[in-house]
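Chain lettering (A, B and C) follows the sequence in which the chains are written, and residue indices restart at 1 in each chain.
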Amino acid sequence: MTVLSTPSGTGPQAARARVEQALRGGKVDVWGRAFHLVVLAALLLAVLALVVLLVDMLTTGAPVLTGRLGGFLDGALRSQPGASGIRQGLVGTFWIGVFVVLLSFPLGIAAAIHLEEYAARTRLTRFIDVNIRNLAGVPSVVYGILGFTIFTKALRDVTGSPGSNGRTIVSAGLTLAILVLPIVIITASEALRAVPSGLREAGFGVGATRSEVVRHHVLPYAAPGIFTGTVLALARALGEAAPLILVGATSGYLTGADRFLELGALRERFTAMPTVITTWAGRPGREWEEVTAAAIVILLAVVLLANTTAIVLRNRFEKKRG
Amino acid sequence: MTDATGSLTIDALSGDRRRMRADMVTRLLVLAAAVTSILISALIIFSLAGEAWTFVSQVEVASLWTDGWFPRRGLYDIKTIVVGSLLVTAVAMLLAVPLGLGAAVYLSEYAPRQVRKVLKPAVEILAGIPSVVLGFFALTFISPEVVQRFAEGATQFNLAAAGLGVGILTIPLIAAVSEDAMRSVPNSLREASAAMGARKAVTVVRVVIPAAVSGLVASFIVAVSRAIGETMVVFIAAGATGGALFTTDVFGPGQTMTAAMASQAAGTDQVRGAGLTFQSLFFVGMLLFIVTLVLNLLADRFVRRVRQRY
Amino acid sequence: MSTDSRTGDAAVSEPDHVDHSLDVSPGVSPGAGSGEHGIVFDVSGVHLYYGDFRALRDIQLQIRCNEITAFIGPSGCGKTTMLRSLNRMNDLIEGARVEGKILYHGVDLYDGRVNPVEVRRRIGMVFQKPNPFPKSIYDNVAYGPRLAGTPRKDLDDVVEKALRDAALWSEVKDRLRASALGLSGGQQQRLCIARAVATSPEVLLMDEPCSALDPIATARIEDLMHEIKDKYTIVIVTHNMQQAARVSDRTAFFTTEVNETSDTRTGIIVEFDTTDRIFTAPSDQRTDDYITGRFG
C-alpha cells in the first residue's frame, strides 16, 4: 500500500501528472479487498461445513461400509451394532417414497395447475395461496401430530392391522405425503409461471380450450421444472424423522418388515431410515457410532443424489431455454 | 348497413359439446385438488385444537411455572422449553446470518460465472441434508471438536452444539432468499453508484443491501421460523429426553418445544402418562403452530414488498 | 351460463337443437353483388374497459369481406385492444369488458351463448412476435384442425394447403417433421400464418405481424397478404404507415385523448375511410398531421 505524494507545482506538466496519478490510482483499496475476502470466506466456510460433515460421516462409517456392506444393507435391527443392518429402514423409506410419489405428486401438480391456469383472482384464490405458503412453513413435528391424530388414532383400523395400533407405514406415508404437498404445489406453480404467455396465446388463438392449452402446450413446457420440484420434495420427505416418531415408528426392535414388496407389511409396525438413525444415534459407544454413520451415508447417498440430479437438471434446462 | 347473405346463428358459435365437457371436468378436478390444501390446514387445526384446549382449560396454573418441563410428572414449565427454543435459535442465527448473508453477497455481487456455477449448487446441496444427519454430526463432531474445546465444562449434550447444527441447516435458506433479493435489485442502481466513483464494496453496502433489505429481513424471519421448528438436531444432540430443568446455559443439555414433543412420543410405547401428559403434547404443538404461522405471515409480507418494488 | 372473465371460456350447456342450416361456411365469401363487399364485423358504440380504466371510447367501424383493413395510430391508443376484441382474446385479461355491440355476421360476439373457443376457430390470429409451438412444423399446422376433429386422412392435405397459402410450402415440404423452432424469424411468422389459416377461418387478425422481422421477410408477408386477400378477410394493426398504405383497402386511424380528471388516455377512432382517401385527402387535421409525420 503506497501513497504517492501529489505532485505539486503549477503548470501543465504538473497538472497532467496529477491527473495521471489520480487515474492510475494511489491507495490500494484495502477495505474493499477485505470486504471481498470476508464474504468469500463466509461462502467457503459454509461449503466447508458441508465438506467436513461428509468427510466425517464417511470416515466414521468406513469400517462398516467397506467391511461388511452387504450384511449391513441386508441385516435387521439387532442389539449388537456389529450385527445390525438397515434393511428394514430401507423398506420403510422405500414405501414412504412410493406414497409420496403416488399421492402428493398428482394432487400437488393438479392444485398448482388450478392456481396458475384456471383460478380467477378472487379472495378464495388468494386465501388458498396464502394457506399453502403457510403450510410449507409448518414444522414437520406438527404434521406428525396431524398424522398421529388422524391416521394412527382415528383411522387406526384402516391404516393398520389390529395389532399395530395404526402405527404403520400407511400412516407414515400418508402423513409425509401431506407434509410435502405444499412444496410440490409451490415448485410446480413456479414452473408453470415460467411458461411464456406467447405460448398460451398461440394455443388460444387457434381455438383451443383452456384445458387443451394446458395439456398440449403448458404442461410439456413446464415439465422439466415440475419434475425438478417433485424430486426435491421427495428428497425432503425421505429425510424427515419427526413425523415418523409422532406416527409411531418403532425405535426398538422389529420383527418382519424386511421385504420390499410385501404389501401386507404396510399395515404393520415399521421403521424407516431416519428413525433407525435416530435410534442408533442415541446409543453410546464407538461401534454404534460407526453403524450410525454408515446408515447416514446410505441415506445421504439417496437424498443428495436426488437433490443434485434435480439441481443439475434444472440448471441445464434453464440454460437451454435461455 | 349491408348484411352478408346468410346470417350466422348463435348456435353455430356454441362449440363442440365433447370438448367443452372435457374442459369442465378438468376445471373441477384441479379445483378440488387446490381445495384439499384448505382441508389440510383444517385438519391440522382440528388435530391440535381439541386436546390443546383440554390442556389449557384443565391445567393447574401452578404447574406452568415450576422447575422444569417434566410432562410425565405433571410439571409443565413452559418457559423451559420456550427459552430452550430461543437459545437454540439464537445460536443458530449467530452462525447462519453472517455466513448465509456473506455467501449471498459473494454469490450475487462478486462471484465470477464459473465459480458461481460450482459454489451455488454446493450451498443448495447443504439444504438437502436431513436434520437427523446434522443431529448426529452435532453430537459426535460439533460438540467434542468445537463446543467442548472452546467452552470449559460443556457437557457432551448441549444446546450450543444443537444450535450450531441448526445454524448449518439454515445457512442455505438465508443465502438463497437473500441472494434472490439482491439479484433483483436492478443493475441501474449499481451503475449509478459506480458512475459516482464509489468502490464496489461501498456500492454493495450502501446501495444494494439497503435496496434489498426487505428480502433480507424476510430471509431472516424464514430462517428463525425454520430454526424454531427444527426437531431432530436438538432431539439427538441436546440430550434432555424425558424432561428438562429450566436452564439458560447453552453449554449444557436442554429442551426445545419441538424436541419435547418428539421426546414424549418416542419415550414409551404409549404416549399417555399421568394427568395431562398426553394433552401437553398438543398444547406445545398448538403453540408451535401459532408461532410459526405468525412468523411466516410476517415473512410473506416482506417478500411481497420486495416483489412490488421491482 | 357464466362467462368466466379470466379464462374467457363460456361454460356452455348443450343447445337443444343445433341449427347449422344458416351457417356461413368459413373461407367462402358471401359478398354482396354490388361491388361493395359484405360486412363481416359491425362495430358500433363500443367502449372497452380494463377494470375501471376505459381503454377505448365510442368505436364505430365495419370490416368488409375480402378486404384488408388496417388500424394505424401512435403507440398505446388501443389498436391492438380493438383487434383482440374481434376474436375475444381480451377475455383472457382479467377485468376486461366490452360495452356496445360487436356483430359478426349479425351475431353479437359477446352474447353469453357464444363460445369464444368456436369464435377463435373462425377468426384466426397472428401475433406480433412469432410464437410457434415447440413442436414439428407439421404438428404446428395440424394442431388446430386436429382439435376441430379433422379426420387423420385429411390432415396431410390440410397442412399442405395451409403451408401453400402461407407461401412456406416449398421451403419446408421436405422437413415437415423438423422442429418449428429451427426456422428463421420470417419463416416462423409464415408458419404462424399457416397455423392460423389451417382451421379455414374466415377472418385473419394480424397484430403488427412484421414488426419483429427484417425488411425482406416483411416484404414477403406483405406480398402474401395480397395473395390471400380473396380468400380471407384481413384486419391488420400496424405501426408502419407505409405498410398500411401499401397493403390495405380501408384504414382506421386511432389516437388517444387525455382525460383531464383521471390523467389517463383513452383510445378513439379519428377517421375511418378507404385507404386512398385517408392517405391523400384525410378529413381530419389530426389524421393529416399523423400521416405527414408532424406527430406520432
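Note that in this section a contact is a pair of C-beta atoms (placed from the backbone, for glycine too) under 8 Å apart; a residue touches a chain by one contact, two chains touch by 3 or more.
Since we're looking at a predicted model, the values are computed, not measured.
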Task: Fewest hops from chain A to chain B - one hop per pair of touching chains - done: 1
TODO: Would you identify the chain whose Cα-based centre sits farthest away from the centre of chain B?
DONE: C
- [ ] Weigh B-C against A-C on C-beta contact pairs and write down the one with more.
- [x] B-C
Task: Where chain A and chain B are represented by their mean Cα positions, the distance between them in whole Å - done: 13
Open item on the list: Between chain B and chain C, what distance separates the C-alpha centroids? Give it in angstrom.
Closed with: 51
- [ ] Please work out the Cα centroid separation of chain A and chain C, and write it as a whole number of Å.
- [x] 48
TODO: Spell out, as numbers or ranges, the residues of chain C touching 2 or more other chains.
DONE: 9, 117-119, 122, 147-148
TODO: At least two other chains touched by the same residue of chain A: list those residues.
DONE: 118-119, 209-210, 212
Open item on the list: Touching at least two other chains at once: which residues of chain B meet that condition?
Closed with: 19-20, 23
Open item on the list: For a test of understanding, state which residues of chain B touch chain A in their complex under the given definition.
Closed with: 19-20, 22-23, 26-27, 29-31, 33-38, 40-41, 43-44, 46-48, 98-103, 105-107, 109-111, 117, 119, 121-137, 139-141, 168, 171-172, 175, 199-202, 204-205, 222, 225-226, 228-232, 235-236, 241, 258, 261-262, 265-266, 271, 281-282, 285, 288-289, 292-293, 295-297, 299-300
Task: chain C-touching residues of chain B, taken from the complex the two chains share - done: 1-17, 19-20, 23-24
Open item on the list: For the complex, give me every residue of chain A touching chain C.
Closed with: 118-121, 196, 198-210, 212, 216-217, 220-221
Task: Contact set on chain A toward chain B in their complex - done: 29, 31-32, 35-36, 38-43, 45-47, 49-50, 52-53, 56-57, 60, 107-108, 110-111, 113-115, 117-119, 127-128, 130-135, 137-146, 148-150, 178, 181-182, 185, 209-212, 214-215, 232, 235-236, 238-242, 245-246, 248, 251, 274, 277-278, 281-282, 289, 292-293, 296, 299-300, 303-304, 306-308, 311-312, 315
Open item on the list: Please output the residues of chain C touching chain B within their complex, sorted ascending.
Closed with: 9-12, 14-15, 17-20, 22-24, 30-32, 36, 38-40, 42, 62, 65, 104-108, 111, 113-115, 117-119, 122, 147-149
